[in-house]
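Shared chain: chain A. Partners: chain B in the first complex, chain C in the second.
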Partner chain A sequence: MPGGKLMRLVVQCALLVVAVPIVSLLMQAISLQWPFPSLLPPVVSIDHAVALLWNNPRLLGAVTASLAIALMTTAFTLLLAFPAAKALGVYKFPGSEAIKLFTLLPIMVPTATVTMGLHSAMIRTGLAGTFLGVAIVHTVFALPYALRILMHVFELVGERHEQQAAMLGAHGGRVFCTITLPLVMPGALSAATMSFIISFSQYITTFMIGGGRIITLPLYLVPHVQGGEWHVASVYSLVFVVTTLAALTLMQYLVRRYYRETYFLSP
Partner chain B sequence: MRHKYTPYILVAPLVLFLALTFVYALFYGVVQSLVSAQGAFLGRFTWQHYSVVLRDGDFWISLGATISVAVIATLISNVLGTLLAFAMLRAGAQGRSLQRALQLPVILPHLIVVIMVIHIFSQSGVLARLFWWGGLIDNPNQFPLLVYDRFAIGIMLVYLYKQVPFVAMLAYDTLRGISHKYADVAANLGASSWQTITQIYLPILRPTIIGTSLITFAYAFGAFEVPLLLGTPVWRTLPVKSYLLYTNIDPLARTQAMVINVLISAISLALAGLYFGVERFIKRFQQGGGL
Partner chain C sequence: MAGISLVDVTKHFQGKPTLAHISLEVSNGEFMALLGPSGSGKTTLLKIIAGLELPTTGRVYINGVDVTFLPAQSRQAIIVFQDHSLFPHMTVSENVSFGLRARGESRQLVTEKVRAMLDIIQLPDRAHSFPHELSGGEKQRVALARACVLEPSVLLLDEPFSNLDVNLRLSMREFVSALHSRLKFTCILVTHDKEEAFLMSQRVAVLLDNRLLQVATPEKLYEGPQSLRVASFLGERNIFPGRVQGGYFHSMLGAIPCNRPDQESVVGTCRFDQVSLSSTEGEVPGRIVQKAFAGRFTTYKIELAQGMIVTAVGSEQQYLAGDTVHLSVEGRAVLIYGAEDGSN
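Coming up: the complex of A and B.
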């Protein structure tokens, strides 16, 4: 195999390819105008970006709607995937392989296709145009990923520790809180992160099921992309990225604190 | 200790939920695509919508384009991602720091990557400016059309920016998880580096790459906002085409959207079946002493 020097060069190039678009997005967000041949924006100011963010109730509404729907999706996904992952990861039973295959299918079928099939049912049940309805549809697409992550963790953890605790006389609720949950918490965090990100980036599902009444960040962003307002689109993109990272960091922090306070150890 | 039905009770909520949403959606599409225009479930059974869609040349162009874009993006991202993972493995500490950096493209939504690709590759983008400074072009119009183009280059660039890091991260994890010993033993026994790669590393990577190929193909095949924003009106990918028909005021167009949706679902599900078939075949092959 070729030497380490060449390989380090390849890795550095990859880093550059990842970084350049992000830097260009940041520069667009702080440039007032950036006419053709200049490589750097001639007029740099954050005033306009601040004006776009400050006192913008529609943007605030979009951030709130995105967060609310993503949190609901994460909760639904974990509630449904957690017990199923335990059954599929730990026990082997007739039909388990078929269920594993079945739960993977929503990854394969396009989101737009599934959403069109659900659209009229959502209108008839009154769920269209509500946060609940949108979160239910997002959950369909988050479930396969979350289930796979959790299943993998349960496969590794197994059931021995729980059996031991039960043997020593701990009842079901206590076993769950003191044995199962701490053991699978890192996996649950990954599953939650995945669900959150999937919900946060949904466009067509929210657009159709929300019926124009629910505006999340992607819906707020798309018209500016279609209109070619690159400066505005870049500023809102950064809001998108910062909100996602903040929410994920908070989730991580809460899990860390839970470990520290309950078990005096860090995962 | 454990009742016979416990696992079934644990999976029941999930299966029920997916039956009421996902399975219902597919079933509804099939029913709608098979009734004549007299309205919802009251209409009579007919194949006529299928024959209308299948005789439309536009549909076949869309189908061919959607599959080609997905196949090309999947091939390039899995090959580049795997090669990058090998480079990361050989680059030591730098490889590990790149893995952390690669998380960002994976987290970024496609929508934002669309904006980035336009910034870099449009006719007045960063690349065109570099060409101008290099004296290769005199004005933006001379720069080749790489976004909104007929060959879907802009669309594929978005997929690659997200999928190459995704494949590289997972392949790198797999490669780091295996011990150096296998490769060392092979080298001791006189294997060339090419033999080490094809006989040791690739078989170990195979399940990872089959998994990432499935996910990357499924996304590129079913993506909506990327081809909507970066595509050309000359041809539409199937999900975009079916959505445009669905929102048409003509009720017949809506039925045709359902026909396209059923065909899309059939292709997707066939592919999932193929994936499981291949996975099972490999497992049996390995257990049978093949490896």
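Coming up: the complex of A and C.
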């Protein structure tokens, strides 16, 4: 079947696109040197990579800082995006279309420009160089994406189920926990994932607001890339990939399990 | 005591009126139909009664209590929507028990009531199914059960049967009627289907052009629409212009006695089944241009001399398209409305 063959080809290409960088990253990580003309690294050893990871408090500190800031950013983003997305997705009011467009401004203007402006505000409020300050700035950049995702989910879900619940006698908190949240949960999960990844991969904003005092994984990693230490950079990059994947998988697993147990399988 | 009472309710949306000066009394335990075409504001009126919308002006009373500004949670008025709005992430029994659980009833009572309600809607074995596993009629029954299990003082049905196929619609109508006579709630059924309104309700309220034009029993509404607007909305009527002179209404259907003062340009109407046909005698001759056989009855379209088309419905079969027939209409069958204000 030609359609099936074409589909298989597309899937194979897609796998290749994902696999090639990961495999080359892995090979970089276990090769001490990999001079230009050789197709495969001449000397392969896992020892050096293990040495880089083992007993490295600075790396551990960077990973912890990254995770803490990413979790804070995700929480702030969802807290702000939820009410805004509901207002913009469900209700029609004068100017709502313009506001929808304006919410994209932080990612339409160059990152450095936005951060520079925020930096002076952070210095004045004493938030520069703190975890909170960095998380707030990450939130500025994660919010447009999370808001978009949640807004579209709210547009689809509407408020008819909430209205029905209200008529059946349920008050605000109950309606939110038992109706709104489960219905928008797939979107909320996507928005949380997006926020987490955006925060986790921030470099320039962390650098400017953190002022060198907050060292996240990208800040720890990038000097090695710039210094041409490909081997070290590759090992840290793998740490980056594995941490992100692990954190997101855990988040999805916990949320899914909670909602399945409470709402999908209970008698 | 009035179950629901609306006093001069008006609703504007972005400056445009969707409801104008609606006053309506629905008695306790009454089944009323709210009949009107789509866009006439029927659903908005239900939402105002249930507390999902605020009226721009006017008052809403339920069981004598002013609930105009009361939130939906405290009204005991529940809408069952056309799309049933079942909570997709909950099973049938979780859906039905939702209101009871929100009230904080004991687990035992909730279980008992839900089981009894599922028996009433004849779905006892579907308690653990999810809404997407149910058929259209089953979903609608669960939606009704979810509302009825709370024994609400007011049940509002927003075109609940229009998504169902014909046979299911008939059985659901019977089901709701039976439920009403069993549970005795005050009920407003919104529909654009006049047959449904006539079949199910004790009284029918006609909502046209954002106004309540007539509230009457189905029989009275069928026999005597108060205005030309209501008459033409209800349909199945011939509408013909004429004038009143010397106690007679003169039109293309001849002179018909009436007791109205002389008036130029009035409009007469009579139901299709009130036009009798005869091959020999009758005042007005016409030619049958179309014959449509529908089993119990046959519809004839008859062209009169001046080109006007009159519709007649009869059980007779003897005429064919092209035949010449004579028409006659009984005087008391004809309703006459002033052409300008549309009232009789």
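As a convention for this text, the second predicted complex is superposed on the first by the 247 of 267 C-alpha atoms of A that agree within 3 Å, B and C clash if a C-alpha of one lies under 4 Å from a C-alpha of the other, contacts with A are read in each partner's own complex, and residues count from 1 in each chain.
The rule we apply is simple: contacts are C-beta pairs under 8 Å (C-beta built on N, C-alpha and C of every residue); 3 or more make two chains touch, one makes a residue touch a chain.
Model, not experiment: these values are computed from the prediction.
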Touching partner for A:R160 - first (chain B), second (chain C), both, neither: second
Partner chain in contact with A:A87 - chain B first, chain C second, else both or neither: first
Touching partner for A:H171 - first (chain B), second (chain C), both, neither: second
Of chain C and chain B, partner touching more chain A residues: B
Which of chain B and chain C A:S237 touches, first, second, both or neither: first
Partner chain in contact with A:V134 - chain B first, chain C second, else both or neither: neither
Contacts of A:V184 with chain B and chain C, given as first, second, both or neither: neither
Which superposed partner A:A146 touches (first chain B, second chain C, both, neither): neither
Partner chain in contact with A:A192 - chain B first, chain C second, else both or neither: neither
Residues of chain A at both interfaces, chain B in one complex, chain C in the other: 163, 166
Residues of chain A defined as touching chain C within the complex: 160-161, 163-171, 174, 178-179, 182-183, 259, 263-264, 266-267
Chain A partner contacts - residues on chain C that touch it in the complex: 50-52, 71-73, 75-79, 81, 83, 85, 87-91, 93-94, 98-99, 102-103, 128, 146-147, 150
Touching residues (chain side chain A, partner chain B) in the complex: 1-2, 4, 7-8, 10-12, 14-15, 17-22, 24-25, 28, 36-39, 79-81, 83-84, 86-88, 91, 93, 95-96, 99, 101-118, 120-121, 136-137, 139-140, 143, 147, 163, 166, 197, 200-201, 203-204, 218, 221-222, 225-226, 230, 233-234, 237, 240-241, 244-245
Parts of chain B lying in touch with chain A, wherever the complex brings them together: 1-2, 6-8, 10-11, 13-15, 17-18, 21-22, 24-29, 84, 86-88, 90-92, 94-95, 98, 101-102, 104-105, 107-120, 124, 126, 128-130, 132-133, 139-140, 161, 165, 168, 193, 196-197, 214-215, 218, 221-225, 229, 238-240, 242-243, 246, 257-258, 261, 264-265, 268-269, 271-272, 276
